[in-house]
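After this come two complexes, each holding chain A, first together with chain B and then together with chain C.
Here is the complex of A and B:
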């Protein structure tokens, strides 16, 4: 069933797209992740132009994260004040990211840049995940202890603010910078960034783990919404048909994945996720390195 | 003859255990107080059960481990605080149980496993939104799996009324 995607300017099998959405939704429900980091590269691999793939990835992340945010909000696991500071950084960062994206597009290097970002970020993240789980599988229980209220140079920064829910009294600069970084990544890669935001909140900002997931979802939802909006408005790269087909599959897939995910836990699952992330990075790397089939024909400069 | 029967009854009373489920509801306070007062007035001990929410799947193993640790610490802190409260009223420390999982299932498993527990004390929510999930489940679909008598304390009782009924 071929459909023509008006913005991506190509025909794709609608069932393939729904299947892709279903698969990514299933994995994101299973592993409890946003799914943007899987969807964007997969779309690129089936031939969707990178700018459209990035915009759709951000959109999918938004759809997948909203219900999670509502659930966490009801249970009071969202530090709204910290979330707002992160979000302020995130909005500025995603705005900067979209400008960077527009610049790359003008010089015609957007495909290369998106792939490179993915190879570097996913390669690092995937390798760390696999390493961490292998280590944990070998040793099983490892007591990871962190010193509470460790004093670092970050505590000397000005503009301190009290975050009651996170039991922190810190400068707003580190959370703003963290939000900014995730915002840039979100705009360029079309990911929510939760997989980097969560460890950053714990290890860099020292937030208690109970509020980390809810607060990161808070940031992810609004930043992804902002990215989608900016991409649509400034670059005109949001393909509504593509997004609709992906989301239709994704919503159904997420339900299945979440139901299975409660039974599937532990290190093996994590190692699997790490391998998945790594293989996506490697396939993109291969795409960058392999000699093109036709050396003398340039693709359309999107 | 009658004396030995009375003695027997007295030791039996001392042996009984009131189990209170420590959740985050406001009526928990009422159930706990009721159990303490009955244990003080009629003999017996109080047991506290805290069921932790299992840690969700997180990408990073280190974060997951830290999350579990923090939850356990929090549960222990809460229970030791309540334990002091129980000791103040009944004079003895409560039995403390921490489990991880679905509160209803863990409660039922504990009742099956631990024969010391003789009475389950639950308090119903004071509002109009129903008695609370545990009471609804244990008096409804799961009623057949409850192994001990159950006491439901109305969540709206104040201290004076609690004194009177215990």
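Here is the complex of A and C:
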């Protein structure tokens, strides 16, 4: 069933979009991430112009994360105070990111920048996840106990604040910077940033795993909303029809994925997600390195 | 379509008899409005008409040109950086590029008209007045022609103008799904011994209709409101999903 997308100005098979949404939703339910990092490259692959894919991807991430946030909030797994600090950084970051995106679009390097960001960020995160989870799987037998709390240079920074839910007393600067970085990346890549935020909160901020997913969803919902608003307002590239078709498949897929996820062990899930992230990074890297079929490309002038 | 067309041509016949004294060329379009709805997958339109003198081999020739709304286009060339990563490099900006250009004739334009005539009326892809700023290489112009031809929005003599009974002609103009919205101009030329002897101008519009139109209009006129609506819709869909599937 063909559907004409009013903002992308092209005709796409609606069932294909819903299927894509379902598949990505299934994976995101399984791994507990928004799935934007898979969706945006896939949309670009089926011919959606990159600006529309990035903006609508952020909008879809927003919808997909809302249902997860509701569930986590009910269980009391959201550190709203930490979330707010991350969010403050995220809002500033996504504002800077949209400006950067608009600049890249004028210069004509959007495709390159989006691909490069993906290759670098996904490659790093994927490799780290695979390494960490393999180590965890190996450690399962030897079972070395880690120190509960480690003091690093980050604890010497000023403007300390007490985060009760996370059981942390740290400066607000590191979470603000983490939020800012994720905000920039989510604006340029069209992702919520959950797959980067979760490891950053565990390893950089030292938050307990129980509140990480809920707090990350809290931040992702608001950053994705901000990116959607800015992209719609400044660039006019959010295609609501595209978003809703993806969400229709996505919310259903997420439930099946979540049900299946409970049957897998944590380390194995992380290793699989790491491999998935790495393979997306490698396929995009190949796209950058292989000689293009046509040297020329045309686009609208701004 | 074919039967309908024949009926239209028959209706035109008495008109042509009268036209013999006054009008050397009469042409019309099968539709004046193309509606782009959310279910739009492309459409087509027929240009048909008749001439006073016989057309076809040995007689006069007919040329049909359709042009869509113009916009500025930037053509970029990829260059390898450090020999590995392919990056968009030099670019040329073309102002006033038609978003749709189709030319069809009983014979190709370059066979029936001299070059200065083709250039003066922009008949044929080679005769389009595409001026660019930026990179100077002629490769950019050729690349633009190639890319537009690939998109199916620029066609040059892919289908000839068909002749029926030596005085009636018709040709189908395909409008693919990616056709830009706006005002279109169709020109029909009558060519006799390498000179244009008659010319008629017709027009049609491509408009978004229904939901597609409302979405695009709001997104353009009220971007802030549209952004807020997108957020609300997505959040609502997410909430609805969590409610629908929680107990399922």
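What we mean here is this: the second predicted complex is superposed on the first by the 269 of 302 C-alpha atoms of A that agree within 3 Å, B and C clash if a C-alpha of one lies under 4 Å from a C-alpha of the other, contacts with A are read in each partner's own complex, and residues count from 1 in each chain.
Please note the rule applied: contacts are C-beta pairs under 8 Å (C-beta built on N, C-alpha and C of every residue); 3 or more make two chains touch, one makes a residue touch a chain.
These numbers were taken from a predicted model, which means no experiment stands behind them.
Colleague: With both complexes superposed on chain A, which partner does A:255 reach: first (chain B), second (chain C), both or neither?
Modeller: It touches chain C, and chain B stays clear.
Colleague: What's your read, chain B or chain C touching more residues of chain A?
Modeller: Larger number of chain A residues touched: C.
Colleague: Tell me the contact category for A:62 with respect to chain B and chain C: first, second, both or neither.
Modeller: In the superposition, A:62 contacts chain C only.
Colleague: Which partner does A:159 contact after superposing on A: first (chain B), second (chain C), both, neither?
Modeller: Neither partner.
Colleague: Tell me which partner A:133 touches in the superposition: chain B (first), chain C (second), both or neither.
Modeller: In the superposition, A:133 touches chain B alone.
Colleague: Check whether A:33 is in contact with chain B, with chain C, with both or with neither, and answer first, second, both or neither.
Modeller: So A:33 only meets chain B here.
Colleague: Under the stated touch criterion, which partner chain does A:7 make contact with: chain B (first), chain C (second), both, or neither?
Modeller: second
Colleague: Once the two structures are superposed, pull the chain A residues common to the chain B and chain C interfaces.
Modeller: Chain A residues touching both partners: none found.
Colleague: Enumerate the contact residues on chain B facing chain A in the complex.
Modeller: 56-63, 65-67, 69-71, 74
Colleague: Okay, in this complex, where on chain C does chain A touch?
Modeller: Interface residues on chain C, with respect to chain A: 36-42, 71-78, 80, 84-88, 91, 93, 139-140, 143-144, 146-148, 177-178, 180, 208, 211-213, 215-216, 219-220, 223-224, 226-231, 233-235, 237-242, 244-246, 248.
Colleague: For chain A, which residues are in contact with chain C within the complex?
Modeller: Residue positions touching the partner: 2-4, 6-7, 9-11, 59-60, 62-68, 70-71, 108-109, 111-112, 221, 225, 228-234, 236, 238, 240-241, 243-244, 247-248, 250-252, 254-255, 288-292, 294-301.
Colleague: Would you mind writing out the residues of chain A in touch with chain B in their complex?
Modeller: 30-33, 129, 132-133, 136, 141-146, 195, 198-199, 202, 208-210, 212-213, 261, 264-265, 267, 269-270, 273
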